[in-house]
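The structure that follows is given in the form of structure tokens.
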Amino acid sequence: MGDDAPTALDLPPVDPLPEHTQAYFDLCAEKIGMVPNVLRAYAFNIAKLDAFSAMYNELMLADSGLSKLEREMIAVVVSSENRCYYCQAAHGQAVRELSGDPELGEQMVMNYRAADLSDRQRQMLDFAVLLTRESASVSESHREALRSVGFSDRDIWDIASVAGFFNMTNRMASATDMRPNREYHSRNR
Amino acid sequence: MGDDAPTALDLPPVDPLPEHTQAYFDLCAEKIGMVPNVLRAYAFNIAKLDAFSAMYNELMLADSGLSKLEREMIAVVVSSENRCYYCQAAHGQAVRELSGDPELGEQMVMNYRAADLSDRQRQMLDFAVLLTRESASVSESHREALRSVGFSDRDIWDIASVAGFFNMTNRMASATDMRPNREYHSRNR
Amino acid sequence: MGDDAPTALDLPPVDPLPEHTQAYFDLCAEKIGMVPNVLRAYAFNIAKLDAFSAMYNELMLADSGLSKLEREMIAVVVSSENRCYYCQAAHGQAVRELSGDPELGEQMVMNYRAADLSDRQRQMLDFAVLLTRESASVSESHREALRSVGFSDRDIWDIASVAGFFNMTNRMASATDMRPNREYHSRNR
Amino acid sequence: MGDDAPTALDLPPVDPLPEHTQAYFDLCAEKIGMVPNVLRAYAFNIAKLDAFSAMYNELMLADSGLSKLEREMIAVVVSSENRCYYCQAAHGQAVRELSGDPELGEQMVMNYRAADLSDRQRQMLDFAVLLTRESASVSESHREALRSVGFSDRDIWDIASVAGFFNMTNRMASATDMRPNREYHSRNR
Amino acid sequence: MGDDAPTALDLPPVDPLPEHTQAYFDLCAEKIGMVPNVLRAYAFNIAKLDAFSAMYNELMLADSGLSKLEREMIAVVVSSENRCYYCQAAHGQAVRELSGDPELGEQMVMNYRAADLSDRQRQMLDFAVLLTRESASVSESHREALRSVGFSDRDIWDIASVAGFFNMTNRMASATDMRPNREYHSRNR
Amino acid sequence: MGDDAPTALDLPPVDPLPEHTQAYFDLCAEKIGMVPNVLRAYAFNIAKLDAFSAMYNELMLADSGLSKLEREMIAVVVSSENRCYYCQAAHGQAVRELSGDPELGEQMVMNYRAADLSDRQRQMLDFAVLLTRESASVSESHREALRSVGFSDRDIWDIASVAGFFNMTNRMASATDMRPNREYHSRNR
């Protein structure tokens, strides 16, 4: 795929892309000025790309008691814990954009404990980090702590889902040396 | 949901289930004698259930250079690393069934290094464990090691995908205290 | 010792075995249908075998405020923490047999936090895990926590002794690649 | 037991001690000027004391391809890894005495990698530390490394036994807050 | 000190500042548009401020076989390892400025293994991380590895000094919740 | 530098030493009977030696709410955590000398939790260890805990400074294999 390959694996995209994929990529290019490399990486197999996109969109964009910003904050904090370059770059930008607060994006990357957060958001991120570091030790007391700051059981599911999802994608990105699009770095600074 | 709830969260299933979901659950009951609790847990939201099932089926059942048994071996070893009770129970049973070797299932749960594995399978599992423990340290030398025992770049993608996926589901299961169906324990012993 | 050697070390048993050892092995074969490989492994040196057996029997079978099942639960949980294949296999079977509850044996192997335990047993196992992971941090507050759920000072000694003992044998087994007798896997399922 | 109690547990010694125990304690007092507190701690139960002493003497004093000094070096290095105060104090003194080299005793306590050791002894201690830290990862390559510097399979057993034993006693001492006799600190400086 | 306090400690600066300090602060304001908060934090005690500044300037600005950029790269990588918010923010900016490569700054913060580095710089950073994580395990082989890519013994001293220094300042910053000047975030993007 | 070189690096001292350095070394020899090897190690570059000495003297000898003994206790506990041979040897001796209690010195080296400390000193050392192990997790609650046992904000700065400083020097010593003067071992026993 040349210098522009999205990963270190030799897995070129299906050529030509099926119509619905091409349309999706065109939409990305139009709306955000690039096709995120994670989509280009998956494009060697359209069934896998579709399954990934469906799950991603359901988690990050569908209705939830968590705001989109909160879901992106979880994404970055988990990715920082796992030191995933791709996901910190891409979702750090998302936090900067959704919050309008560039410092907040940096704090999620560098050490979320340095941010001035509400109790709710601090508990949410502490739980995401616990899940990331030592999931086997989660107990009812941790769920109770989330409920005590106002999260519903459905919200707990969503926190766990987003934290879990980035524990998956961080590993996909690190396993394949996935490269973030350069555009992420300079935006919303 | 009563004593039979699949998790510690109060998230009852959609009632009635949509037709395609009911048909899927009926098929499970018929073919494997139970509806896996992970499906019952997701059934509070059909869009999430469908996204999960689509990704699961694509990863574990679709065409791959990895055999179904190898994918299940990765599942159990990752789940053992994360000490996920649900996934060790359910996928340990799958290894016993697919391999016809109950000891192999136990070894994947207890310590895969004790199993008498081919170089190929040992490297595959070592990589899955490295990804699980410290994904940020993966480098080209690790990918080269996989290639040197015969894995293609597509196979490397699949190893990473399965390892990544169980790093997600292990955390969902631990976050929600998901309970494995009791049937798993006694089968294929 | 051929394919049937109990460890990876070339340490054949004394031949012939002294009378009291042969009698002990015969008794094992009669009562439990096998001579546990740990005994066969030690049989290259009868003084060491006798010292090991004396300590083992004193710890696991002599009078104690801990039931035999509780001592076996500690054995498995410590062995799971250390990922010792031999001891998880052998003592996991013991938990299944003594409890009549195969699931409990699986939970001790996979993640004891998933089991539905009394406060007493949960504290006992938490202490055994703390001792296993980071013994230097034990303080009076941990002993007080055990006393508060009804353990006497003698019981605390016994919990520590059993946890300590399996921290020894786990390392012996892993250092020598000790193989569990196959009979363990299928029993009491 | 008053201020002089050997541990934080209320487990006074059998009173009067049986004749063979009193004779053993008298011998200690005569030969080394004290009764080691570990023996006083076990004296609440003579069967346990006898089992402990038998195993200790077999391991540390009986015939072996390892010198007594080498066994004490393993004892201290394992105890330093586990930060066991009792065992570092008591066996650090033994290293100073047996080697006639007070600095060597300090190095075993502080960081054995700072000592100027033969390849044989360095490999021996590296293996003891690996067993202590992460026994589940021991493999044939580690045993081969020991064989390559001249250790026999019997020696490997003995290294593992001593390292294993101190992983037990370190935990007994930390669990019970066992106090080393003060005499250890000033001797052989 | 009001909202603008550089740390969470109540340690107001000497007032008025001595002449040489005021001159230094004025120079900072003129040259870089701010007085770095670390200097304001130390200004409660001029002897401490002077000792800190002298060591900082000697390490980061004096003659060395390491370029100023290389020293800043070490600073950020160590600070990322320790997740120090202040030092990642301040020295990440320095890497962006000195290199003219904003992506390089991000990579040092997020995961230096993702950067496309020379062997020399990769070895330098690997050594800095080893020193940060587990300094007791450094051995002659690590120094030899540095020499083999062209570092002199003096360079090794300087790598260790810079890595050591940020292991100190990271802890000062985290202990006191030191806040980076906001100017760092937006510069050199 | 011959057998007597203070480190494994080939960095001979400036020759002749400048007058103020020679005077300082002569004073050391007169007052404490040796020139500490850390000073000899730095003597290849007088600017670095002077910066190091100035910071050291400011931290360890200047006015502070912490006694000199308390500062040395922090030094040893941090150095034990990092397993730095040089600093445990040199500052362990200082604790023995300043306290007149050889056992206390041993406890700081072996496991400070075994010492019979005041609440104040235990909290001080717990904080130093937390800073050493996982500085990014320090929060206001930890500073509050220090205040609650009587430490002022200035004292907190000093605890952090001393703990931070030894996190630097431990790494310098380990990176360069710095050797403690032999005199340390036998003094104040």
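For clarity, chains are labelled A, B, C, D, E and F in written order, and residue numbers in each chain start from 1.
Here is the rule we use: a contact is a pair of C-beta atoms (placed from the backbone, for glycine too) under 8 Å apart; a residue touches a chain by one contact, two chains touch by 3 or more.
For clarity, every value in this text was computed on a predicted model and none was experimentally measured.
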Shortest chain-hopping distance from chain C out to chain E: 2
Relative to chain A, chain with the most remote C-alpha centre: D
Chain pair among C-D, D-E or B-D whose interface repeats that of E-F, sharing over half of the contact pairs by residue number: C-D
Copies chain F and chain E - interface residue numbers shared by over half, same or different: same
Per Cα centroids, the chain farthest from chain E: C
Intercentroid distance (Cα basis), chain B paired with chain A, Å: 22
Inter-centroid spacing, chain C versus chain A (mean Cα positions, whole Å): 44
Junction residues of chain C - those touching two or more other chains: 83-84, 111, 136, 177
Contact graph of the chains (line, ring, star, complete, other): other
Chain pairs that touch, as defined at the top of this document: A-B, A-C, A-E, A-F, B-C, B-D, B-E, C-D, C-F, D-E, D-F, E-F
Chain C-facing residues of chain B, complex: 80, 83-85, 88-89, 102-103, 106-107, 109-111, 114, 177, 182, 185-186, 189
Residue ranges of chain D touching chain B (in the complex, touch as defined): 136-137, 139
For the chain E and chain B complex, residues of the former touching the latter: 111, 113
Residues on chain B engaged by chain A in the complex (per definition of touch): 8-11, 44, 47-48, 50-52, 54-55, 58, 62, 82-84, 127, 131-132, 135-136, 138, 140, 143, 153-154, 156-157, 159-161, 163-165, 167-172, 174-177
